[in-house]
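Presented sequentially are two complexes of chain A, the first with chain B as partner and the second with chain C.
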Partner chain A sequence: MKRLLSLLLVPLLLAAAACSGSSESGGDSDEQVTLTYAIWDQAQAAAMKQIIQEFHAQHPNIDVQVQVTPWESYWTKLQTSVTAGSGPDVFWMTMVYAQYYAIGGGIAALDDQVKKSKLDTSVYVPAVTKAYTVDGKLYGIPKDVNGFGLCYNKKLFDAAGVKHPDASWKWTDVIAAAQKLTNKQKGVYGFVAPEADELSWYLTVPQVGGQVISPDGKRSGYDQDATIQGIQFWTDMITKYHVSPTLQQTTDTDPLAMLTSGKVAMRYCGSWEPEEIAAVPYGKANIGIAPLPAGPTGKREYYSNGLADSISAKTKHPEQAWQFLQFLGSEKAAEIQAKTGTVIPAYQGHADAYAKAMPEFDLQVFVDHLKYAQPFPASTDTSVWRDEVTKQFAEAWTGKAPVGDVSKSVAEMMNTALSKEKK
Partner chain B sequence: MADSMQLTARRGRRRFRPRHPIAHLVLCLGAIFMVGPFLWQLSTSLQTFGESVSVPPTFLPHSPQWSNVTTVFSALPFGRELMNTTVMTIARTVGQVLFSSLAGFAFARMRFRGNAVLFAIFLSVTMVPYQVFLLPQYQIMQGLGLLNTLTALFLPGMFSAFGTFLMRQFFRQIPMEIEEAARIDGANILQIFWRIMLPMSAPGMIALGVLVIIWSWNDLLWPLVVNSDPRQMPVSAGLASLQGQYTTNFPVLMAGSLLASLPVIIVFIVFQRHLMSGIAFSGVKG
Partner chain C sequence: MSGQGTATAPPDVLTGGETGRRAGPARRRRPRPPTRDSGWWALMLLLPAAAGLAVFEIWPTFQTIYYSFTSWGAFGGHAWSGLENYRTLIADSDVFHAIVNTAIITAITLLAVPLSAVVAALLSLPGMRGVTIYRTLYFLPVVTLPAAVALTWKWLFNGDYGLINWLLSKIGIDGPHWLSDPATAIFAISIVGVWGSIGYNMVIFLSGIRGIPVDYYEAAELDGAGRLAQFFHVTVPLLTPSIFFVTVITVINSLQAFDLIYLMVGQQSPAIERTETLVYLFYQRGFAEHDGGYAAAIGVLLLIATLILTAAQFRLQKRWVHYG
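For the complex of A and B:
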């Protein structure tokens, strides 16, 4: 009986030996480990599962389970489970929360592992790497990055006899075209100026050299004249030139739906939106994408959010989690993500698959935009002031108060919030 | 004979004439406002994605997209999730009705030291926002090793301070004489509760039950936090996961929501009389 057992054990041992031999870094034990990987976007779940399959083929002893939790509950769940010490091993992180989790000890610094595995972090878009570097330590491997462009309605441009936008366009071109395209009788506006930081003034403030937050993250930039100028671009569209729907209208109706229904002729778009535009037949047929118009002096810098994959500071399998993280940051994973056409991988030089994912649009525009990316404005408790900023700027969007005044009181509020933060 | 015929005819006619035309008009408008969202949901669930996001909105789908309904079943383990929701709802409802009526009875009818103080502490719990309990309840579930199980879904929801309050108000309304009569006949306290008080407070229990059913059926945050495996999730969490970060397929989401809300609508229609009387009843003294 004993002999029979040992005979049975031989192939098992051989298999185990073969496994550990083939795994790249060797080192780790051959125990079977299951990691959990938390993400919030259902649309990307399929791509993530494909990445996991590839990873599992290389590391048969590591299983990875994906947990999709919708955005609104993701952070509640993450905070609860990480505090209790039973959270996911690896999870998506956004620039907005990166410092909060890094300083609070929720996510692990990766420098030692990066050094040990000789991972080259210069392959990622620098703005993203920079955003996840807190106090000189790296807390996430960059996953994706956002680019922006000018989505416009070709049909409306042709009907109004306006030249299609191109790379030479600056703010004044946008205003001039918007004035020609606006047709109140038909209910068509030339432009849409939503009050959404990421999709509005985060794109124009850096174009005039303004800033939302000082580079050291200690002071608000909302009281700077350049910042105010960057915000005024948007409010002028509504209150001065009357070429955009009002704040009330853009709150009631999704500005993207206005674009794909032919109600507005131009909109600043993010690299994740073409998929949604293509899902609407009218949008697929009539929407074109041009480079984002430059600032008055030709500056093209913008604030870009981008995600990273982070490891929980309390994971029970740091070795395996790091192996998975390395794979998530690999070329292979970048390619799989790019093919979906939903996100641009942060791994530079692998955006081709993204650019080709939807041949009906010129997605290359978004890829070309990436070299101007700046880290998304963030501090330890970003959401405390960010939500309040948006709330207060409504006054300027409705024209109740001048942008300069609102912006200065916003700066005061933000400085108070920043001074209370844990550094 | 003719007279009586005329009389019934007149009476019959009168029955159809609204006695308060203005009141009826207001009620009709109210009904339209209430039913409107459901009709809108039904319409959206049968539209294409393009129709659902068009401006101005599409009122009726060009050709009904029944495939949205089948998409729900392929995108989610919908049947399993529906079962989880059902188990969770039944366990919570039975638990709350049983435990809350026991506690409510104690507060209403038993004299013990600190009754009022204890009840005040109970009431204060209803003033604390639910989010505050989230972390401790999660840690308790973790300590019990119940994370990611069906049990974790319903265990903390089997008792509530609100239910205790509601049942206490009910028991207080039952005349003392009945209880005294039962005591003279030799019934002990549990017998009084079980044989006399419980049957008399049926409307209250039904009202509490319906409220718990509706709350439990819609509960989203707790299941999302305590469980991760889609197969251990209720249908509310499954539906929420249909929302993408950037793009949401609204018709599919609406089709799923409609399917998920049907059982609750049926429960409401069946029990609506009790629900109304329950609220009116507890309102008198509350």
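For the complex of A and C:
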């Protein structure tokens, strides 16, 4: 009975402590508030909690709870909970959904607060800020940005007597090296060409001046010759040069696992992946990272996704949420994230900490790539056509139909989807 | 596949048969005749379950039918759109694929019915050893998490490093990429479906077989029938009520196949077009592509298909099911 009573007293005491705390701080609002912050990556949860700790030290009257939901169910849950008005106050946003949430009224425009707080948005990577600007209004504070590089197996390169890749590499160098490195008897492929937009043709299409979607987001670019050329780079690796595992193989086995087990010698990698490579002893010992090979004419542009933090349009505490958002976009928060080596902060000039986080890899490669970043292809309802595009391109990857034909029918499908969107 | 745990066997299969054999109809205690208050009590006791059913099953069904005539906004709000969703549905080639895929999966999964009848018959053989062990082994898939089942089978089916292809290579067969080859994926998925439903069916058949009086077998033996003849002429005819029940449940569950496709094939696989079922398409359109109204229309289509197939089975049962 006594124990029960003391248990009942705890919340009372806590409340009392909280009251005294807020009266001392004398912030903008004396009210004690708890915000919910939704994210999807468990690997980044520790960094997020550290940021919250620092934030709480400055704003004792605002508590923040992190809510981690795996990517697979994050968006379903977020949409349902925001619709019901019970969703998180602040959450991670990707470029893929930014317009959907902004136009649909799921996230709040931040311009008034930005002006009032005199927040300088020019410190962030411009491609990211641009992607979260919808109809001239900013809907998210850029969090991070993706760079890409060429991951290669040093051991396999040395064994085949092939020169390690460097900044001078273009497409033809990749093909030539892949041909020398492929050894069917040993089950080793020189290259891996998965059918994963973000990690495959989104990196090569801009290198030949093609586009996935027109800059105004109204037309598909898949019927352009340059776009088709950028996609063909990948299918040729499988169907013409036979230097990559087939689509069936890359579906059955994760291409990153193929790299870290010595089954493929080269793979295009994202800046969030070195952590996963280092987790495998063979990967940590044998994988090197070189700059992403340039297009035939030396072009290096690529489509980069990058996250932002957004405020729910239905939050009950817009003031406090904005304070937290400002902190998430601060130099301090950028530094904390960078040190973990998981992401490159969108806050420019703070990539050094990321680059030094894992001395076994040349992470600087990813940072140097950032200046070529283009906003990720997106429209109001990206998910309607993006999944369908991947589904249809399987025909080209398996060599059942020429890339050009598939790409043109993809463009038709995408244009139909785009014409139905609410602008 | 999904929802097996919630299905219940009809009382005549599980209890009627038992008493028939153990006590014999003559010694069965007569139930007390219902009195006036017992109706009250029955109503009171049924209320919680009925309320749950109404709130979580029946009301949503009607809501779904209503939503299938609407189009949805991103964050709340829907507008009446008449037959628009159904017009799209008829023209959508993915829906056609999904119907064909669902039919194939259902047809293959039905193989589990005779298979589990045989398993149950073998386990009921007099003098069979290790029955409990076998029964547990066959039943394990039913109580295992679908996600764990899917993941394990995914490894087994892996084209390059899977155990199945390794075994096949030992006898000189170059196995396909089971799950990512559009030609084989649907069969791989269905095999797992069959494997997963044998346990549940078996339990129902086991109790059904127990309900068959031993006299019939003795009489058959006197007439010179061997084990095989006994199985076909005594066990199978007297098991038809259980077979009917299991078939109805299997069809309904297979029509709702989703988890294995979602977990073992997935949107990124080149085999998805040849494996996606109606429920998978419902999920994709409703949750990945945010088209709730259209997804509801797919749901209604599935509801109608289920109703027709189940009604047809009840119609046809008169021709082959023997009660008693």
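Miscellaneous remarks
What we mean here is this: the second predicted complex is superposed on the first by the 396 of 423 C-alpha atoms of A that agree within 3 Å, B and C clash if a C-alpha of one lies under 4 Å from a C-alpha of the other, contacts with A are read in each partner's own complex, and residues count from 1 in each chain.
As a working rule, contacts are C-beta pairs under 8 Å (C-beta built on N, C-alpha and C of every residue); 3 or more make two chains touch, one makes a residue touch a chain.
Everything quoted here is computed from the prediction, not taken from an experiment.
Once chain A is used to superpose the two complexes, chain B occupies space that clashes with chain C.
In the superposition on chain A, contact of A:254 is made with chain B only, not with chain C. When the shared chain is aligned, no partner comes close enough to touch A:357: not chain B, not chain C. Which of chain B and chain C touches more residues of chain A: that partner is B. Legend: residue contacts after superposition of the two complexes on their common chain; A:76 is shown touching both chain B and chain C. After overlaying the two complexes on the shared chain, residue contacts for A:123 are found with neither chain B nor chain C.
Once the two complexes are laid over each other on the shared chain, residue contacts for A:387 go to chain C alone; chain B is not touched. Of the two partner chains placed around the shared chain by superposition, neither chain B nor chain C is touched by A:176. After overlaying the two complexes on the shared chain, residue contacts for A:105 are found with chain C alone; chain B is out of touch.
Shared-chain residue A:67: touches chain B; no touch with chain C.
The superposed model shows chain B running into chain C at a single listed stretch; among 134-142, 188-196 or 242-250 it is 188-196. In the superposition on chain A, chain A positions 76, 83, 253 are in contact with chain B in one complex as well as with chain C in the other.
Taken in their complex, chain A has these residues touching chain B: 36, 38, 40-44, 65, 67-73, 76-77, 80-81, 83-86, 88, 253-254, 256-258, 260-261, 263, 270, 272-273, 275-276, 279-283, 342.
Every residue of chain A that touches chain C in the complex is listed here, in rising order: 76, 79, 82-83, 100-101, 103-106, 195-196, 246-249, 251-253, 313, 381, 383-384, 387, 390-391, 394, 397-398.
Across the complex, chain B meets chain A through its residues 49-50, 53-56, 131, 134-135, 138-139, 142, 147, 220-221, 224-225, 228-230, 240-247. Residues 73-76, 157-162, 177, 179-181, 267-273, 284, 287-291 of chain C are the ones touching chain A in the complex.
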